[in-house]
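First chain written, first letter: the chains are A, B, C and D, and each begins at residue 1.
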Amino acid sequence: MSHSFGPHFLHIPGPSPIPERVLRAISLPIIDHRGPEFAELARTVLAGMQRVFNTAHPVLIFPASGTGAWESAIVNTLVPGDRVLMVETGHFATQWRKLAEKHGIATDFIPGDWRDWADPAAIAERLRADTDHAIKAVMVVHNETSTGVASPIAAIRKAIDAEGHPALLMVDAISSLGSLPYLHDDWGVDVTVTCSQKGLMLPPGLSFVALSPKSIAAAKAGGARRSYWDWAEMIAFNRDGFFPYTPATNLLYGLRESIALIEAEGYDAVFARHDRLAAATRAAVQAWGLEVLCRNEQAHSSVLTAVLMPEGQDSDALREHILARYNLSLGQGLSKLKGRVFRIGHLGQCNELTLLAALSGIEMGLADTGVPHQRGGVNAAMEALRQAA
Amino acid sequence: MSHSFGPHFLHIPGPSPIPERVLRAISLPIIDHRGPEFAELARTVLAGMQRVFNTAHPVLIFPASGTGAWESAIVNTLVPGDRVLMVETGHFATQWRKLAEKHGIATDFIPGDWRDWADPAAIAERLRADTDHAIKAVMVVHNETSTGVASPIAAIRKAIDAEGHPALLMVDAISSLGSLPYLHDDWGVDVTVTCSQKGLMLPPGLSFVALSPKSIAAAKAGGARRSYWDWAEMIAFNRDGFFPYTPATNLLYGLRESIALIEAEGYDAVFARHDRLAAATRAAVQAWGLEVLCRNEQAHSSVLTAVLMPEGQDSDALREHILARYNLSLGQGLSKLKGRVFRIGHLGQCNELTLLAALSGIEMGLADTGVPHQRGGVNAAMEALRQAA
Amino acid sequence: MSHSFGPHFLHIPGPSPIPERVLRAISLPIIDHRGPEFAELARTVLAGMQRVFNTAHPVLIFPASGTGAWESAIVNTLVPGDRVLMVETGHFATQWRKLAEKHGIATDFIPGDWRDWADPAAIAERLRADTDHAIKAVMVVHNETSTGVASPIAAIRKAIDAEGHPALLMVDAISSLGSLPYLHDDWGVDVTVTCSQKGLMLPPGLSFVALSPKSIAAAKAGGARRSYWDWAEMIAFNRDGFFPYTPATNLLYGLRESIALIEAEGYDAVFARHDRLAAATRAAVQAWGLEVLCRNEQAHSSVLTAVLMPEGQDSDALREHILARYNLSLGQGLSKLKGRVFRIGHLGQCNELTLLAALSGIEMGLADTGVPHQRGGVNAAMEALRQAA
Amino acid sequence: MSHSFGPHFLHIPGPSPIPERVLRAISLPIIDHRGPEFAELARTVLAGMQRVFNTAHPVLIFPASGTGAWESAIVNTLVPGDRVLMVETGHFATQWRKLAEKHGIATDFIPGDWRDWADPAAIAERLRADTDHAIKAVMVVHNETSTGVASPIAAIRKAIDAEGHPALLMVDAISSLGSLPYLHDDWGVDVTVTCSQKGLMLPPGLSFVALSPKSIAAAKAGGARRSYWDWAEMIAFNRDGFFPYTPATNLLYGLRESIALIEAEGYDAVFARHDRLAAATRAAVQAWGLEVLCRNEQAHSSVLTAVLMPEGQDSDALREHILARYNLSLGQGLSKLKGRVFRIGHLGQCNELTLLAALSGIEMGLADTGVPHQRGGVNAAMEALRQAA
């Protein structure tokens, strides 16, 4: 029996709910992307994204979803046959690896059980062994959207440097940017990729890359055959506030608005809010007697929480019931976690009450479907939120 | 310290939250209100409102808020010096009385303690005493928005008829129409007044009156000086899909959409949803050890619940804290209930999870501000909602 | 055969086309009209409307269309049996008179042929004859929306004062405010009434009255029975940013935006634009060999132009053809002008090209339907617009 | 001196003006792109696009602008070193060639003067000479957006077939689909590429490819390294209403609406309207004594008209004046046509009056800036439009 009337609660780890002001902004009439009004828009959002990434170097915006930014990172800096080092943090790290391999890149994939972060020491060990510097890049996912595990980017950079290895550091900040602190320049990242529909609270359709002098030089000197994803032409056009081909203008209207919203709340307040909601979510999971997928206390993501189902229970059956009965969308378990976990997004346009609504829906769903658990998750979350004030 | 980021939770007993599709509809470009496209819109919404009121007689739409519909009922049927019978169900009954008195109407006001419904027997008694039929109308509030008490309209009609009294029956369905079952014709109501921003899930700015042959005849034969609120001219213009003066076109776009939404869900499903949410709310109040203002079990409103504060506690301080801290708006206590109650709206575009979000905010707010209570309200509400499935 | 695809051109003298930003503003989620966010909105628009009216005295906003503001002016200052002086400038002056008479007001109606303004000398003459000051108010339409004739308000005030007559001056600025210069205080107006859907570029649903100390005193001392339209209660509530009954919140969002748009363009630029478009329209009418209804050179309205049809030609047939064939709405002739004139609105969100589009549609429509005329109207308008630069 | 108030007139050859209903659709809240509601949306738009392309074979939708669809066509069917035949119809044919070359494709480029179509005979001649079938594909632009010249796709297919040449036929229908008749299957096209912001009346951000069994087989058997643009994975996911990576959901909402709008008007009516507006535009250009860039009477585009400036006159100066003074955007001359032509878009959400507004702006601009011309362009266009009824 379905009661799915009224506001939908979207608590998947992206797309995240979109603020009203952003939705209204993207519905403004289209303008000429070769005219002066557009140039001003472009300059505003390009400068704004530099602040979001904490970088003084170029940020590029592609009309594409996040996967396009990944592809851009690879084809601009690597050629078929190049070798890279990646870490199996979860489904998206694995997807990124597949994408690299489709482009002819050899991938060293440090194995993982999808419950821990990318270990700087393991990366260092591999680089140490790479005495002839065959590894051209280290590619790491900052926040694994499939598992709710966040990796220590600054420490990874330090590990690379400590080995004196020249590899580029390329980071997937798809689901972290705008939700977790991110210091592209200070952390020494060469390429960061992200997209619009997570911490930036926009519809999908924009992808971003933040560069460094080193990655720009690498692209200039080499890279694979490319056109759509080419950095050099994009950088050249951006100087005047334009793009080499038609940009997704209406989404850029929304981007201007969402950067303004983030900066009105304040970066620190945004990050603190994500931390607060994540801690409350873990408190609820613990009270239910369920297990958070992430096993590393230091690596809990403030963007999403993946919850392990008790043995023999199917997370997709639970999710379907909750969607039909309580109008709440939760994230599914991906690839090897299918049916094993559900994921609770608490990113972007979320606050205390949207989270408690979601946790209530889960707590009722667990009871409705007979999943073994204790009650009291919502109570525990309320307690955690009150104390976090 | 304020954390009011993200979606606002509006749980006052009106305006109720407005569905996205309605908001988009009201933002469509304006059209000529004397052209053919408008006439089709007008005919659609006028016919739709007859279904909502369950009436075969004219429904009129004024560009005004609900207070205007009250005024319209009075000036079309009564003249200064006329006498009416009203019942003190709460703040809005009292306001309606004041309005009547400003128009020179003498009001017999059956006193009440704002915790019970309009008693048919008490009305019958007054009418019985009115042997010369000085009382021209009985005016009752169906759902007292200030108290959360619903009165038995059909029984009141029967009481009037049983006395053989010719008084018109005029009903304020401001906060009930679209949320509680309402049978204008079957119940024998002569004038029902309502507005847009409650069960109809629209912005404020439209008011409605549903008529009967008897009230139309009364208006034709008499009534006070009037122009804006005049029924006869409105009925005449409506026949062709037009209005005697400029209508609020964009709100009529929204009305078309909201009637469609209600009918897509189904009237019975809408009413059952309101019942379910109201029962869960009362379960929460009981679990907190607080008292629901309404003392009559048969009269609990499914639209809103007014909650009495423990002695010495100020409901406005609680509400202000909850708004600042949890981005949740609750209704204040009005006039003699100021500071004594808070009101939880659960009408219109609400569902299980919006209600639980609101109840969570209240439960946290009670704890934060030191209001004596037991925990477990949200738990009780979840239980009630699950069992109501 | 209809080709009515694509953007509709709305060139009636109101509702005027609504800017995109205003439409988006009115579709923002509703808020509690008793909360702090609302109070800030209310204070912003109340102060803004004082600038629009050029007044330091209270401006009141009613959830109603413009007719409601008329009614408000009458019931607050006059009682049944009072006498007022009005001028027959056209349909709307006549309607206002009817409204006054419905409220029991005796009206001296200076006759007119609907082609000239309200003559200050004629008003003075009547007041001179009113030696016992039976006339309580002079009520004049600033811009007659039915005829395109604007009357000299400042001169009328001077004429009243020159006679030493104590009558209130009440002005209908329904279709002028925001389009023509208007100086409520400097001109010595006691009550100005207007609405949202003309120069303010909003949907219909808001009406406004600007007051003076003298009219406020008159209302305090007298006036008819009233409630919805009562000034005193409105003024009292407005002081804190609130309203005595539910306001039309979403339209107030739009009002905030439209005042901002007007002030961004600048009042002088707005008025100059209206003048420019009006002059170009008259140039087109002259080139067509048709006659502008207004016969007084000083009285041409910059808001709309009413055009007389050649003898034996039906303006409604022309308008219907133009609507079906060119997706252009023109204003009809009202009451005694029905079928005799069509009205071209050039107010609000209009510019050179929207006007030329409209004039093109008219020029083609004249040819299509065989109305005797010369070509060259659009050419003449283009010439006029170029020279006005 | 700028008067740019009020509605902007966008008459560039894309992005085309976006209908209000589409703008509102794209601003609906985001949904889970892995849920059942999304699958229904995807199936609706995928089926709809097959009707728009007139194909029974798969149509793919990439979150990208049109350039991405080009890249997709190349990397799925060709490998570096392959040879293709292209025709220099203008700027965009040249851009497509550059893109192909960046991907290592050798291009035979039949030279052209940008004032004529792609000649089937010339193509046949080249293919005849290609006895060893080194040419893997013929790549033609259907409607050259830079010049306003449309090429005969069906005849080109026949020419290829007459030569018995196995080359794939790949067509750029970027600015034609939805505005000109297009029969993907009947014409025997193997890959058609297009985008959202032209005849589909959407914001930029979606690109489309329509395939054939032959091109699908070619992709299966070969093609370059690819991931984002890969067809096989897209086809596989689309079967269930999903996408291999995050789709641009909100633009898909708009696509559903724009297909509905096109089909409500009717394909034939849409195409006839474009023809009518184009003929009127050419009539205006002729009356001005200016020259249409396209010299081939059979090849005039109904989507846009490029107009040659008189010798010594700068089209960009004219365009800038018109934008500043009349709030009208026209298309610039691209690459070798820079400053030499301006382009008038008359596609998508355009009608008689928007066109006449644009032509009026141009006629005034020509006069304002002293470009030698005769008056009477708008008159000629009105005449043409009236006769086309």
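The working rule: contacts are C-beta pairs under 8 Å (C-beta built on N, C-alpha and C of every residue); 3 or more make two chains touch, one makes a residue touch a chain.
All of these numbers come straight from a predicted model, not from anything done at the bench.
Novice: Would you mind telling me which chain pair, C-D or B-C, is linked by more contacting C-beta pairs?
Specialist: By the number of C-beta pairs in contact, the winner is B-C.
Novice: If over half the contact pairs have to be identical by residue number, which pair among A-C, A-B or A-D is the repeat of B-D?
Specialist: A-C
Novice: What chain is the most remote from chain A, judged by the mean position of CA atoms in each chain?
Specialist: It is C whose centre lies farthest from that of chain A.
Novice: Report the inter-chain centroid distance for chain C and chain D in whole angstrom, where each centroid is the mean of the CA atoms.
Specialist: A distance of 46 Å separates the two centres.
Novice: For chain B and chain C, let me know how many angstrom lie between their CA-based centres, rounded off.
Specialist: Chain B and chain C have C-alpha centres separated by 34 Å.
Novice: Counting only residues that touch at least two other chains, what does the list for chain D look like?
Specialist: 17, 24, 27-29
Novice: Spell out the part of chain A that touches chain C in their complex, as residue ranges.
Specialist: 20-21, 24, 27-29
Novice: So in the complex, which bits of chain B are touching chain C?
Specialist: So the residues of chain B in touch with chain C come to 8, 10, 12, 15-18, 23-24, 26-35, 63-68, 71, 80, 98-99, 102-104, 195, 197, 203-205, 224-228, 230, 245-251, 323, 329, 332.
Novice: Tell me, which parts of chain D touch chain C in their complex?
Specialist: Per the stated touch rule, the residues are 1, 3-7, 9, 17, 19, 265, 269-270, 273, 325-328, 349-354, 356-358, 360-361, 363-364, 367-368, 375-376, 378-379, 382, 385-386, 389.
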